[in-house]
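First chain A sits with chain B, and in the next complex the same chain sits with chain C.
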Partner chain A sequence: MSTGMLSPPVAAPPPDPATRSRLRSLLTTVGIPFLAVAVGLAVGAVLIVLAGGNPGEAYATMLNAALGGDTQLGRLLTGMTPLVLIGLGYAIAYRTGFITIGAQGHYDVGAITAAAVVLSLPLGTSWVAIPVVAVTAAVAGACVGGIAGVLKARLGVNEIISSLMLNYLVFYALAWTVRKPLANPNGFTPESERIPDWAALATIPGTRIHIGVFVAVAAVPLVWWLMRSTRFGFSSQIVGESPSVAAANGISVARTIVTSALISGALGGIAGAIMLLGSEFRLSLAVSSGIGFTAIVVALLGRRNPFGIVLAAALVSGLTLGSQAVQRTQEIPASIGTVVQAVMILTVLLANRIVERAR
Partner chain B sequence: MNWSDVLGAGALVPLLTAALRLAVPIILAAAGACLAERSGLMNLGIEGQMMVGAITAFVTVYYTGNPLFGAVTGAVAGLLTAAIVGYLTITMAVDQIITGISVVILGTGLASFLYLQVFGMTGTPPRIQGSTPVDLPVLSDIPAIGQIVFSQSPLVYAALLLVVALWWVLSRTAFGLSVRAAGESPEAADSVGVSVPRTRWITLLISGATAGMAGALVIDGLGFFQDGITGGRGWIALGVVILARWNPLGAIAGGFMFGLVDAFQLRVQAASGGQATSVPYELFQAMPYAVTLVAVVVTTVGFARNNAPKALGVPFVPAR
Partner chain C sequence: MVTPASTSRITTAPAAELSGADDGVVMQGIARSFGDNIVLRDVSLHIRPGEVYALLGENGAGKSTLMRILTGLLPPDAGTITVDDLTLDAGGSDRIAMVHQHFMLVPSMTVAENFLLGRSRGVVGRGRLRRTCDEISALAAETGLACDPSARVDTLSVGEQQRVEILRALHLGARYLLLDEPTANLAPAEVHSLLAQIRDLAVERGVGIVLITHHLEEVLEAADRVGVLRGGRLVAEKPVAEVTTAELARDMVGRDVGLGIRRAAAEPSGGRMLELVGVSVPGKLDEVTLRVGAGQLVAVAGVEGNGQSSLEDVLSGLAADASGAVRIADREVDISSPRFLRDAGVGIVPSDRYTRGLVKSLGIDTNLAVDSYTTPPLARRGGRLSRSAIRERAERIIAALSVKASSPRTLAGTLSGGHAQRVVLGRVLDGAPAVLVVAQPTRGLDVGATEFVWDTLVEHRARGAAILLISSDLDEICSLADRVVVLYRGRIVAEFDEGPFDREALGSAMGGFQEVAA
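Then we have the complex of A and B:
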């Protein structure tokens, strides 16, 4: 008999419930996105086989296209930039319960504005052009976003429908802009003249990484701070959870919704301007290529958390670049990238719900 | 440009005929969505279900040459796509809005994948022969109306009959009563023995099938397929549900307004013959979307009482 018998047996201390729930929440925060990626890639593999490809080979090509070298990494970072900015905008809007799908319109109008400014104003130097474009593109995006916001906040108009209709209106404005006022007379398809050299965003020497990337880098902690530490961040969470509770506590529901609509619009406008001055250099219909929906995937996969959005944008941007490479080299349709993205969000939704139920 | 080509007396009947043809996909998808929303379920995935329906129908018609088969396979494909929405939102009670948007992305990607899978990336895009109009005996002899309504393709008749049938089911049958109960007060419906999940599953699958068939009607009218071919018609249909105040018959009026604007803008473009006009044709192309936006705003503001089902978008978990 050991002496231990004399004193009461020391039971293992009961796990602190707070620690346990924190551990579980960490597991789900990390585990669910990983599960989603695994399921998405598995479905992608099935499609690759259906398309007559070899999943191992296709995924190797994809990985190489996303991370294979400095050029690829540069493309990944520049591709991530608009996704991060728009994803942050969606995160802010969705937190307020404002379910816009209008980012395509904000992005397009930002690109139109940037092209119009640098092609028509003799600003002459990027030190002048960049602030002017940043402000005008942000204002243009905020105006388009603000329309859906005001319609929702003041008149109760369904923002899903209004923001989507606005996307189409902006698209036709884009079509007119590249056909008429900004048309390149020598272009085969409707497109603008190339932007002047002074207007192009500066790049890190020897790479494709332009300074727009740093705008996204700066926006991430800024939005995090906005959500965590400001009055707007607090109000938006309450409004998103329960507008009636918010109103009862003296928070202006309408103003909060409109503010989040303006911010998400401005972020989309800046994203469009960065893409135009940093990567495309010409306005064309190709600008409007579905990034509005892709960024929804980014916002949801990143769990509406600014840092999560960066990771999700890397994944989605890599997937997009990868699936384009696979289409070029192995004749497997690039749309598998879109399908994989959708499967990933559906998996996240389902897994979240299962975890929620188990509690 | 000669405006009498577009607006003259002789142009009116052809304009209205085209308007109805262009309206029918939206009317059909909107009527199905009315039914689903009346049961409390927001099927935001309609645009995706339309895309999957459109590509399925296109492949079917390309290989069989029969537009009716295309409508059926398109409807089945839309129904299967809607089943994904149903499993998540009804069985698992996941958020309906986010699920719907995800299914739009999924449907768009799948349709594009299938198209390239079947037809490859080469050469001239494949085309199909759309269905041909059939004059209904006697009815088509009615002046004007006969030409507009009763000289359409069999698919148009089938779609319009379906819409009327949906209205009848919703407003005149016991099942329709459970649908409305599930959408207004699911707890009360549950307490009197209506299975809310079962009711919502049925209306959702019907909505998916109508959306898929609507996709089939879109490619039947155009004769080709490309990415984004439905051009936001699924979203417009959701706007039409609001205009229709959640009544399938109202969807006929709301959808027809869209068709009229669409037919008008197509005619203006054709009449201007691609020549430079003072008015940009993009303005006309944008009209259907602008009209939908304005109409949704006016309907939302104009009625004192919002007619939306009270439990719309709210997941229902039966108590065990």
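Then we have the complex of A and C:
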């Protein structure tokens, strides 16, 4: 089995190729993200020194800001929630080979829809109220996501460009909404009125942790199951890896892409609704904060694995909270957090290529 | 002939007047291999100015490697090349230009702009462009290769683009042209005018031309001499005036029967399991009608590019613009989706193992489920999959075909070609299809793997399957087929009902000489 190795005569048998290849794939799955984090933090340390700070102290502050106590943990979890939901949506889309960057639009339209529904419909305190809001927001997100999907599937329009442009479209719809139909007559800046109390998501008493967090927690295994154990999950993988093999075997490439686009849109829409009803409480331009792009970092760093995405979301969210804290206490610019994220992504992409070429 | 290459003769007068013995492209003892695969062995060629030299050979005979060496894209392992007595070194010679089968033109640019590509630095002024246009027009008038220098390339027909390529090569100062299957994409009328123009270029301008082709008639029509490559050797070289198509066909395909004949042991039960009636694909297939009985293997022979891939597409359910009827066991089948054909009992082994058959980046188990995950037992209710059924099926097929894989999850891309083909075959055969369509099943496989594929097909035929084998490998066809039809330019031009098959006749028909075969 071994190819002429001059090993000690009674050496343990070499691992069979299957184990070895599985080990190697495990190594890349886990190794690349960790490498990326290490490189990112190292570059961050250099920047902190350049900004006149102490890296050890700064990272300690960051860690404390993310995990230091109940308040911090609550903030971390609520911050992670939209990242996880959007990241899962990206994971499904990317698995299908649908490289959308449109989650910001899905998220914004979800927030707009949620605000419009709770501010204009007399849903009252009925228990169906919140689910209705969530479903309408999901549908709105799916509609926006579906446009890019249909354009790609039917006409071959590049989804990166179409989804990016749809982001702008939705953003200006948001800008119009907060100035005209939902404008707060007493507001100073463009914003809506505060959502009614019944619409605010319930929280665990004494914490900031709202029920939206549990939606994300439930979505993780659900998406994992969807990818692994359903017909859609199977066909999306084939379409993503080789559309020509999929077509030759009668898998509808177009339908699979559109389905993925709809699901990722819906997850983005729900994320937007949760953020509005759980953290923001009123629609404003600040809602459109770039989270749809941060979630790309999460999806790539999490290697499109639902559980990996949770870890990546925790990291990214913690980094954001931490760098804000560092800015407050040590006057180190919070943008270092963004730089670290960017370095991590570049490392992941580079390492992926190197591993692929080494094969 | 033995003048040292260093004596500079680069400033000789035009070749047409001075074509002495030293002129021309002289290749001596060229050898080249890729790894263990010896592609060229000791090939010596002499191409003289003013002649058309036809180079014949089957797919994989070494023609394109030889041409890549001649253009300086690839260094030979051994041998020397001189061009008009100058040693050819890496990087090729300005005097030799290749016109590829797939044109190297930028479609969104005009003809003149394409001429200037890579030959000008910085900004190309209007003056330069106009001068180039004039030069092209003059050259076009002189050579009779009509061409509008200000037309955008993407508005030109294939034939016009071909002329642009040739003109560009001449404009660059080439005195030797290598034309790689120049007629492959042309309509019949264009073929004749192109061949006439090629002859004119040789006779009137003294250009030395290598014409690579599969078509025997083109050799007779345009060439002065013909060389045949087979298995990396130059097996024949003669003046065209002295050859017959039968001879050429024999030289091209060889005589040695490789792995023995495996014709059906029992009489085929006949009937019409698979029947194609007037199947056409615009521009590719023309009214193809054939039938395959149960327990019969019918081979579709032909040089690649004569409609085989369209035929495969039709039977895969992937030819959207096909017309005509396909019947399985006397029932017409809707050919608009791969699923309809599969449900009707047709199994496909695609010619392109990796674009249609297998996803390299996924496991064998996933690849084996690709055709069956929508039906039980792999599919469960509510759109769910049974992962255990997927695994069991994979283990069963891996065992049945002895696929060399350490686990069902081994990535398909890590398998050798032969074992990858076993996975494809296993997947298709697991459904016990009544009709099997097999396209180029042993392409790129070594002898052992080829043997396995052949045995598998024979075994399946013995069980009563109707098999349609689309192949450009005559050894394969002669060893396996009960009947052979020959596809040439999209039409069935010859049929051979009974073996042993006359390889010369087959070769002639494949080269477009059906009258020889008739």
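Going forward, the second predicted complex is superposed on the first by the 342 of 359 C-alpha atoms of A that agree within 3 Å, B and C clash if a C-alpha of one lies under 4 Å from a C-alpha of the other, contacts with A are read in each partner's own complex, and residues count from 1 in each chain.
In this section, a residue touches a chain if its C-beta (ideal position, glycine included) is under 8 Å from a C-beta of that chain, and two chains touch if they have at least 3 such contacts.
Keep in mind it's a predicted model, so treat the numbers as computed, not measured.
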Could you say whether A:L222 touches chain B, chain C, both of them, or neither, answering first, second, both or neither? neither
Of the two partner chains, chain B (first) and chain C (second), which one does A:L26 touch, if any: first, second, both, or neither? neither
Looking at the overlay, does A:G250 come into contact with chain B only (first), chain C only (second), both, or neither? second
Going by the contact rule stated at the top, is it chain B or chain C that touches a larger number of residues on chain A? B
First (chain B), second (chain C), both or neither touched by A:G156: first
Which superposed partner A:S335 touches (first chain B, second chain C, both, neither): first
So, does A:V343 touch the first partner chain B, the second partner chain C, both, or neither? first
In the superposed arrangement, which partner chain does A:A175 touch: chain B (first), chain C (second), both, or neither? first
Would you sort A:V49 into first (chain B), second (chain C), both or neither based on which partner it touches? neither
Chain A residues touched by both chain B and chain C? none
Under the stated contact criterion, what part of chain C meets chain A in this complex? 316-318, 337-339, 342, 348, 350, 355-362, 366, 369-371, 373-374, 379, 383-385, 387, 406-407, 409-411, 414
Interface residues, chain A side, partner chain C - complex: 16-18, 21-22, 228-235, 237-238, 241-242, 244-251
Can you check the complex and tell me which residues of chain B touch chain A? 44, 84, 88, 92-95, 97-99, 101-106, 108-110, 112-113, 116-117, 121, 232, 235-236, 238-239, 242, 280, 282-283, 285-286, 289-290, 292-293, 296-297, 300-301, 306
The chain A residues in contact with chain B across the complex are 47, 50-51, 99, 101, 151, 155-158, 160-162, 164-166, 168-169, 172-173, 175-176, 179-180, 290, 293, 296-297, 300, 331, 333, 335-339, 341-343, 345-346, 349-350, 352-354
